[in-house]
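Every chain is named by a letter (A, B and C) in the order it is written, and numbering of its residues begins at 1.
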Amino acid sequence: MPTALTALTIHELTERYRRGDVKPSDVADAYLSRIERLDGDVGAYLAVTHDRARAAARAADERYRAGRPLGPLDGAPVSIKDVFCTRGVPTTCGSKILEGFVPPYDATVVARLEAAGAVMLGKTNMDEFAMGSSTEHSAYKLTRNPWDLSRVPGGSSGGSAAAVAGELGLAALGTDTGGSIRQPGAFCGVVGLKPTYGRVSRYGVIAFASSLDHPGPLTRDVRDCALVLRAIAGVDPHDATSVDEPVPDYAALLDQGVRGLRLGVPREYFAEGLDPEIERAVRAAIERLRDLGATLEDVSLPTTDYGLAVYYIVAPAEASSNLARYDGVKYGLRAPGGKDLIDMESRTRAAGFGAEVKRRIMLGTYALSAGYYDAYYGRAQKVRTLVKRDFEAAFARVDLLLAPTTPSVAFKHGEKEDPLAMYLNDVYTVGGDLAGLPAISVRCGFSSNGLPIGLQIIGRPFDEARVLRTAYSYEQATDWLARRPELA
Amino acid sequence: MITRQDVEHVARLARLHLSDDEKERMRVQLDAILAYIDKLTALDIEGVEPTSHAVPLLNVMRDDEPAPSMPQGDALANAPDRAGEFFRVPRIIED
Amino acid sequence: MTIFQTVIGLEVHAQLLTRSKMFCGCATTFGAAPNTQTCPVCQGMPGVLPVVNRRAIEFAVRTALAFDCRINAACRFARKHYYYPDMPKNFQISQYEEPLAEEGHLDIELADGTPRTIGIQRLHLEEDVGKLVHEGTLETAQASLVDFNRAGMPLMETVSKPDIRSPEEASAYLRAFRAVLVYLGVCDGNMEEGSLRCDANVSIRPRGTAELGTKVEIKNLNSFRNVQRALEYEVKRQADALSRGERIVQETRLWDADRGHTRSMRSKEYAHDYRYFPEPDLTPLALDARWIDEIRASLPELPRARRRRFVSQYQLPAYDADQLTQSRALAEYFEAAVTAGASPKATANWTMSELLREIAADDEDAIRRSPVSPANLAGLLRLMDEGTISGKIAKDVFGKMVQTGDTAQAIVEREGLTQVADAGAIRAIVDDVIARNPKAVADFKNGNAKAAGALVGQVMKATQGKANPALANQLVQEKLTKM
């Protein structure tokens, strides 16, 4: 039996496109029908853009027929987290407050993917305004983990991760503010890369916490991740915080191996609260990388324990500001019956935002309010400096850091009711966001109940090439990718 | 300790209508989160510069070149309520 | 009775003359149809990001240098939060703890010539908000309408120190301020269109005390006259209140020009918790010293300095110097004509009477594009000086120069307007005029000297104004005395 089209990676597919064995339309159709058949169970998508996908795929067919494909993503299906604005396609950010909003513009990364020939399949589910670690905070639907439908896919990019894992999508875009690409990547056993802050444009990404939001790819394997990153990375005149650094051909640099690389193992990332199965799998992965020629070194990141506290000030503060615009005046929901403007706005926001979003707006507003700024936001920004210095000190000694992505594997729906317990999911990922460092999660094993485990590799700013090449070396040396989730 | 008055004040600043139940739940939860965040006071931050951007950049500006605006139809397309060429909002009573 | 001292500080918002908005590429043209000059960025749509307009920074630096401010080594934008439906993001990108410039001054002159130095506390940039139209009045409207065209326009806010001591000084400060901005080319200074807006902080204290009184903010002072009227009203209101033993409440009051009074806006305290924090979507600015030097080198001479120089260098009366320095373009026009060889006083007269009849003194563009170039005005004055045309003809020629843009020389030649200075030709006409006007001649003989003037007028008319008037006069007098 030939391999199903939806089991192939981007680089495998485009190889076949070039040979003429298969064409982009066939692949788009295969995905659309699989979504039709199975997404009722998984719930990865908020909207499927059939027409736009078919039109894009047909255009790609033509280019291959003419022998002039646009590049390594031409004809590759992609799924877009609903945090990215898509021209003419409703964009909700998982929130009722944006119900009916149709952006008149495309996010820069969406435009770049489409310019590279990628075929958008649809918009994926997410925690409302990217606030959450389980995608349970979506206002629209529940997303299930393809490895175990009773469990969460992680979040906030849960729809993207579930789509890629369940072969309802091939590559996806997500955003990572406290771990929202890497954590669902780990829970769903896919590759999730959070690039350096400024490496990828945020223009058109509906803001959660501006200084922490990082768009990035979720893919089946590391090579696909390298291909997608190259297409979306680079300075954008519409994003003043994007950085004008050259974008290397990451895929071409994957084969260099890890020999001679110094890998740091931060002891604070193997502390109390880490699931022993995860610790075993991650330590085994670290040993494997040593076998491949890297050297290991113990390092310390003393402020690790404070990262979450910093995060839960900075992110809500910025969110309270970014979400002030949703007031029922310009777009989205307007609650009926407001007797005057303030009443209308207060009711609209009460009806349009979910509990978690309200909690963070309240927390952030409080942290910025008169008399509390220095005690909360001001202090948090200073501790953020200390967190960053920890990483700088570590990177003076080693090239990369290795750690678990999450303290536990995917949990069951409804298991984490307490907000703080949910927040603790981000304990190993927030540091990378606060310091803006590139970090990837790759599959490094399975728990005894068959759930994927993620290995996290963190690099120096703009050193995505080394992060990817190390992840690739590990992926090539192991056969974890052979296992696929069974969807009925 | 966060008081009920604090919750009401912040809700007003944030333009959030909260029911009595929500106010109480919010008070308890914010209190718990802020208690957790209080661990930051254990660190000595004397003389430490704040980090507002992970990657420090300076002086990013654009040239003063006009670009096309949206057609009026697009500008108003998402309006929950409009009157002719304008967005329409309920009467404004100063807070 | 207690004698009070008035203490006033002004906050002036000036819309900058950039081509595009502060943080996006939308055009800044005034008067476009509602909601046609917006884009996702200035409409505050989800996902958008601001990018600073370099020209706006340059204009602010230019202004700061003109006011002798210290340009801060680093400045930063911050978000200022409050809800209002004309502000798309419900926060305004402004500057707070780290403004672009601080500590400058503006030297002004009062009507009686007294010089005063008014300190400038800070100068910063921010974005404007949209416009609200109320269905009815603000108080009675059931709904309001929003136009976001103005949202995101670049605004420069300049806050004076509380150095102003009277409503007249406030008005003088605002006039001088406006003149500087217009001179610098950073703002058109149009108060009617809202390009320049003014708020005032005013308090009074018993003369001789050092402590400041409770200050009241007055909004909506949108003309020089209103600034003075509103402040006069407010100073009196406060003095009356204190004299009655009442206390002044710290508040914001709105000037109602129609009713001629200020009234309380009754905002509660918490409405002013702006929750500033550094704008995470923009980078800090640490302006390059060389760029600042370049801007400094390109600063034009400012109105006050130029006015003084016009008096000393060209021996103009103070009034003329004042008139000619009303706008930079007008002053430059005058100087260009003088440089082209015209006499300063004649140029001043002709510029003030003829040019300003055609073009408003503050219409800089129109002056720069004037159909009568400075060189052509000098050419006209030269023809007059040389006696080729009379003053009266010169005025007609000026009118034709306005219509055609031609040189005076070309018009004079084309229309044969050269003055007739040939005594023989004029004498023949004089003879003819005298022959046809026996009554005027008789009047003259009877001692009415004015009758000679009427005869000269006839001669000029017969020559269509081309006769040299002095010569015509001389020949008429000769002829009459001989009769």
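By our rule, a contact is a pair of C-beta atoms (placed from the backbone, for glycine too) under 8 Å apart; a residue touches a chain by one contact, two chains touch by 3 or more.
Just so it is clear, the model here is predicted, and its values are computed rather than measured.
Comparing the CA-atom centres of all chains against that of chain A, the greatest distance is found for C. By number of C-beta pairs in contact, A-B leads when A-B and B-C are compared.
Rounded to whole angstrom, the centroid-to-centroid distance between chain A and chain C, based on C-alpha atoms, equals 56 Å.
Chain A and chain B have CA centres that are 23 Å apart.
Separation between the centroids of chain B and chain C, computed from CA atoms only, is 40 Å. Within chain C, residues 40, 43, 51-52, 81, 83, 85, 144, 146, 273, 275, 280, 282-283 each touch two or more of the remaining chains. The set of chain A residues touching two or more other chains comprises 101, 104, 211, 237, 240-241, 320, 324, 327, 329-331, 341-342, 345, 365, 369. Listed for chain B are residues 9, 13, 15, 52-53, 57, 60-62, 70, 87, 89-92, 95, each touching two or more other chains.
Of all the residues in chain C, the ones that touch chain A in their complex are 40, 43-52, 79, 81, 83, 85, 88-91, 144, 146, 273, 275-277, 280-283.
Put simply, chain B touches chain C in their complex at residues 9, 12-13, 15, 52-53, 57-72, 75-76, 83-92, 94-95.
Note for the complex: chain B touches chain A at residues 2, 6-7, 9-11, 13-18, 22, 26, 29-30, 32-34, 36-37, 39-41, 43, 45, 48-55, 57, 60-62, 70, 74, 77-81, 87, 89-93, 95.
Of all residues in chain A, only 84-85, 91, 93, 98, 101, 103-105, 107, 202-207, 209-211, 237-241, 317-318, 320-321, 324-325, 327, 329-331, 341-342, 345, 365, 368-370, 373, 377 touch chain C in the complex they form. Of all residues in chain C, those touching chain B in their complex are 18-20, 24-28, 33-40, 43, 51-57, 81, 83, 85, 132-135, 138, 141-148, 265-268, 270-271, 273, 275, 278, 280, 282-288.
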